[in-house]
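Following this line, the structures themselves.
Shared between the two complexes below is chain A, which has chain B as its partner in the first and chain C in the second.
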Partner chain A sequence: MTPLLKVHGLEVEIEGLPILRGVDMEVRQGEILGVVGETGAGKSMTARSILDLLPSAATVSFRVCTFGGRDFIPAKERQQARGHRIGFVPQRPRGSLNPVFRVGTQLSDTLRRLRGMGRREAKGEALDLLRSVRITDPKRVYRSYPHELSGGMCQRVCIAIALAGEPELIIADEPTTGLDVTIQAEMLKLLGDVIIEHNAAGMLITHDLGVVADVCDRVAVMYAGRVVNLGSTDEIYRAALHPYANQLVSIATSLDSGGTPREIPGRVPNPGDELAACAFAPRCFRAETDCFEQEPPLVDINGQQAFCHHAITTEALPL
Partner chain B sequence: MLTYIARRVIALIPILIGVTMVAFLVSRGLPGDPARLYAGMQASELEVQAIRASLGLDKPLYYQYWVYMQGLVQGDLGFSPRTGFPVAEDIRNRLPATVEMVIFALIFALSVALPLGVWAAVRRGKLIDRFSRFISTLGVAVPDFWAALILVMIFFVFLDIAPPPVGRLDLGAVSPDGPTGFYIFDSLVRGQWATFRNALAHIILPMVALGFPAIAPITRLTRNATLSVLQSDYIAFGRASGLRGAPLYLKYVLRNSLPGAITMTGLISGYMIGGAVLIERVFSWPGVGLYAYNSLERTDHAGIQGVVLLSAITYLLVFLVVDLVQSIVDPRVRLK
Partner chain C sequence: MNSATDTLALQNLTKIFKIKTGAFRHADLKAVDEVNISIAPGRTLAVVGESGSGKTTLARLILRLIEPTGGTVLLENTDITALQGTALEARRGRMQIVFQDPYDSLSPWQTVGRTVAEPLILHQNLSMQQASEPVARMLERVGLSPEHAKRYPHELSGGQAQRVGIARSMITNPALVVLDEPTSSLDMSVQSQILLLLQSLQEEMNISYLFISHDLTVVRYIAHDLAVMYLGKVVESGPASQVFASPRHPYTEALLKAAPRPDPSYKTDHVYLVGEQPTALDRAAGCPLYGRCPIAEDVCADTPQQLVEIEARHRVACWKRT
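This part shows the complex of A and B:
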């Protein structure tokens, strides 16, 4: 089956500094792909490249970018997909709604713009959308201003706006940032459910692997502007090939079981830092000289892919 | 809302009493003897004395102020020996001319400044941004009366496409008999098309001269506010949801960039109503500014006090209106 979204060799530079160094990933029809990695790994940049929402100082290039079989390399194609074919759920939901317009106005405006609805029709559809994101009193929320609503409520509204154009893909960029910890899990569950109900696919960007396990079908692990490990959530959790992904998973699971995680030594490189052939090598417990000198090869086992000289295959498992 | 307005208006009273004192003292401190001016150069000292007594100027200051205030609470602003009319009536006759010009000047200034400010921010550093900075600098550097003179020179003297600067209508034209005193509005509702066209032609140059300096600060404020709005999360999300072009900038961006421009417009309109003195002088515009100018020239105490008081009231009311408008534009602003 051809993937819904296919991105190959995505590179982004901002003022000469490489931010993304060849991102490869694909989102299949009907699946939710988790994109994880530490801050600065390039997760949001990847999402914004797909929507052509990068700052004007950035230069973007794709080797391949298709969406539903269409060439998405021309920026115009990607711009026209915003809202229509790709819905976007932001981080910091309270700040993401316009403070001077009623929530209902913003939602109906979106419907009128994306689906060419009349005023009355848009209002009815807006109330339905609010109901579909489990808002129990849609009429009150419709009349409210963003500052009168909680963060969680604002995020539900943002999800409704993302759904307004009946998109095939929903990209959620750290959708729980800025929300109370108590409702983060509920919000992600909702997001996952809503994506399925609306027959869409999802790309969920987060730095929390625990979140991914509950909602995502597959996971892409990013490090220093590249996807280093990609596979089904089960596979990644059971036996991630890439040492970085493997350690992230063990941190997440030991946090879940209340243990003290063993942290990864060193720090994430900044854009412009001198990188080894494998950017993770300086922090990696399996690194040898080849990691510093030669580009890591693609390892593909059980449908799980990783770029690594010394991938943790079951035969070689040290522990 | 209504109780809020009532409270604000009541709070104005002590301020206005202060204003009357200052206006009273300042007008007495002006050089020139109104009795002598009124009596004329030929009058004898005895006649001047008599006039002084009839104007009440021989009484002590505190008593004169007391008399003035007694009249004021009954709406009597005093009598102008210069025009021979009560000051309240003088002002009532001249205020519409000034207000009409100010309204046109503000509409002109805003309709240039708001789009220009937004556009300059969107195309930051580009040609339009540099053009807006040029306009802003020009607006600050060019005094309004000078702009007025240049406009008259170009469009009346050289090009001869503007009417002569002789007031609100051609000399000898009959003013419309409308209810408001705003010629353009009155002639429109009465269907007096010739008068309407005439009034419109006469207001264009003063509108531009008075409005042009206002473009500068409003453009700059709008541009800077828009720059920060464009950085905001809600505009990023709006774009990601497919908003762009004119609906994005003129609805979702502009509404958030407005507060600074609204306050500035309020300040400017307050200034214009009391301060269009030189513009009115250039265009012989029979408004409050010209009245103030003539009152000052003739040391007309009552006239000066009346204009100062009007100017103060205008300012204070404008601030009230500004606050009300802010609360409409931005629902987070609460009136307390």
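This part shows the complex of A and C:
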């Protein structure tokens, strides 16, 4: 099956600093792909490249980029898809709604622009969309200003706006950061449900491995501007091939089970830092000289892929 | 329940904010409502709750950054709510805080050395020169090098900046450190480094921690005791292991069920509570959770339940579960 979105060799540079250094990933039809990594790994930059929402100082290049069979390399293609074929759920819901317009106006304006609806038709559809994100009193919310709504409610509205163009893919960038735990759980459920109901696929950017385990079918683990490990959620959590992904999971699970947290020594490199051939090598417990000198090869075991000279291919954890 | 050896004991601590609701009208917002908790030396009490639960107000009351409406705060058996002027200043070195955002809580104009020395200069009347040696020692203790004393906050990573915040809070050898979400803005690999550091400092210096967090994973690891707050009230408290193993209050249960866990086979319970948290202004007269609680009955609406001990030190305020 051809993937819905395929990205290969995505590179982004901002003022000479490499931000993304060859990102490879694909989103399949009907799945939710989790993109995880720490601050500065390039998660949001990857999403913004696909949506052509990068700052003007950035230069972007893809080796391959296709969406639903279309060549997505020309920026114009990506601009046209934004909102229509790809919906976007932002990180700070209240901050990304316009504070001086009613929520309903913002939603129906989006519908009129994206789907060419008339005023009355747009209002009806807007109310339907608010209902589809489980808002029980859509008329009140329609008339409200963003400051009159709670954070969870604003995020529902943002999800409704992302659905307005009947997208095939919904990209959500840390959609639950800053929301309370009980609201976060509701929001993740909602996001998962609407993606299925609208026959779309999802890309969920997060740093929270609990969130990924909860809703994602597959995971891409990013480090220093690259996807280092890609596989099904079950496989990555059971036996990630890449030492970084493996340790990230074991930190999360050790904390979760009440054990002593494991640590990864050192810190994430900043853009512009001099990197070894494998950027993780200086922090890696399996690193040898080849990791510093030669590009890590692609390892593919049972559909799980990793870029690593010394991938963890045995079941036993070496920690 | 309080013993004379406790580092910190709160007795009916209450803070009511007057909220303007009209030209001549005010409403009372009970941000912290008759809270009784205590922490023994070398122990960690985690205060857990969502936004609006009053955990930050509680921290500010304990440090006496704001004045309580009622109740007392006993720090090493001294009621600090009654202290004024120099007597209060003399106690301040015994209680310190580490903030959530490591960068925001460091002055961008001051070197790391100056920042860490500040409490010594302020509370122990040392000169910058006299402070430099303990500062260097403290920086090494938190995993930085004495060289870092010359740096400015913008030259540090998030983890390093938080280490500076910790060094500043520990340098006066305090009895109590309030940790206000100290790891929530850090990346996971760094988060565990900071948790390990906090734990070893506690063992070494016998400090008591009041650990404020909404992250149950972190709390599970670091806390000895737990107090769950909802709209200003402690609804459940007890030994952390016991509360995690058998939560009794429906709100505690909801928090535990809603927290996503890094295990694909674990099924998160997404909607256990009904609706959204109201503000402390529109809270029911009885149980604060009334209206969202799946097991509530009529009695919950207007009769508040007190904390009742159900097992050793495990207390819960719920009509249905006591």
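One rule holds for everything that comes next: the second predicted complex is superposed on the first by the 313 of 319 C-alpha atoms of A that agree within 3 Å, B and C clash if a C-alpha of one lies under 4 Å from a C-alpha of the other, contacts with A are read in each partner's own complex, and residues count from 1 in each chain.
As a working rule, a residue touches a chain if its C-beta (ideal position, glycine included) is under 8 Å from a C-beta of that chain, and two chains touch if they have at least 3 such contacts.
Everything numeric here is computed off the predicted structure, so don't read it as measured data.
K.L.:
Judging by the criteria at the top, classify the pair chain B and chain C on chain A as clash or fit.
P.N.:
fit
K.L.:
Any idea whether chain B or chain C touches more of chain A?
P.N.:
Touching more residues of chain A than the other partner does is C.
K.L.:
Thinking of the overlay built on chain A, is A:E274 touched by chain B (first), by chain C (second), by both, or by neither?
P.N.:
In the superposition, A:E274 touches no partner, neither chain B nor chain C.
K.L.:
Based on the superposed arrangement, let me know which partner A:F88 touches: chain B (first), chain C (second), both, or neither?
P.N.:
first
K.L.:
Tell me which partner A:E263 touches in the superposition: chain B (first), chain C (second), both or neither.
P.N.:
second
K.L.:
So in the superposed three-chain picture, is A:Q79 touching just chain B, just chain C, both, or none of them (first/second/both/neither)?
P.N.:
first
K.L.:
Does chain B (first) or chain C (second) touch A:V100, or do both, or does neither?
P.N.:
The first partner, chain B, only.
K.L.:
For A:A162, using the defined touch cut-off, is the partner it touches chain B, chain C, both, or neither? Pick first, second, both or neither.
P.N.:
In the superposition, A:A162 touches chain B alone.
K.L.:
Can you pull out the angle centred on chain A between the C-alpha centres of chain B and chain C, to the nearest 10°?
P.N.:
Superposed on A, the angle at chain A reads 80 degrees.
K.L.:
Identify the partner contact of A:A185: answer first if only chain B is touched, second if only chain C is, both if each is, neither if none is.
P.N.:
So A:A185 only meets chain C here.
K.L.:
Applying the touch criterion given at the start, work out whether A:H207 contacts chain B, chain C, both or neither, answering first, second, both or neither.
P.N.:
After superposition on chain A, A:H207 lies in contact with chain C alone.
K.L.:
On the combined arrangement from the superposition, state the nearest Cα-Cα distance between chain B and chain C in Å.
P.N.:
Chain B and chain C, overlaid via chain A, are at closest 8 Å apart by C-alpha.
K.L.:
Please output the residues of chain C touching chain A within their complex, sorted ascending.
P.N.:
Within the complex, chain C contacts chain A at residues 50-51, 157-159, 187-193, 195-196, 214, 216-218, 220-221, 241, 244, 254-255, 257-266, 268-273, 276-277.
K.L.:
In the complex formed with chain B, which residues of chain A make contact?
P.N.:
That would be residues 51, 53, 79, 82-84, 87-88, 90, 92, 95-101, 109-110, 113-114, 145, 147, 158, 161-162, 164-165 of chain A.
K.L.:
Considering the complex alone, what residue numbers of chain B touch chain A?
P.N.:
Against chain A, chain B makes touches at 232-244, 247, 252, 255-256, 329-332.
K.L.:
Considering the complex alone, what residue numbers of chain A touch chain C?
P.N.:
Residues 38-39, 150, 152-153, 180-186, 188-189, 207-214, 233-234, 237, 247-249, 251-253, 255-256, 258-264, 267-268.
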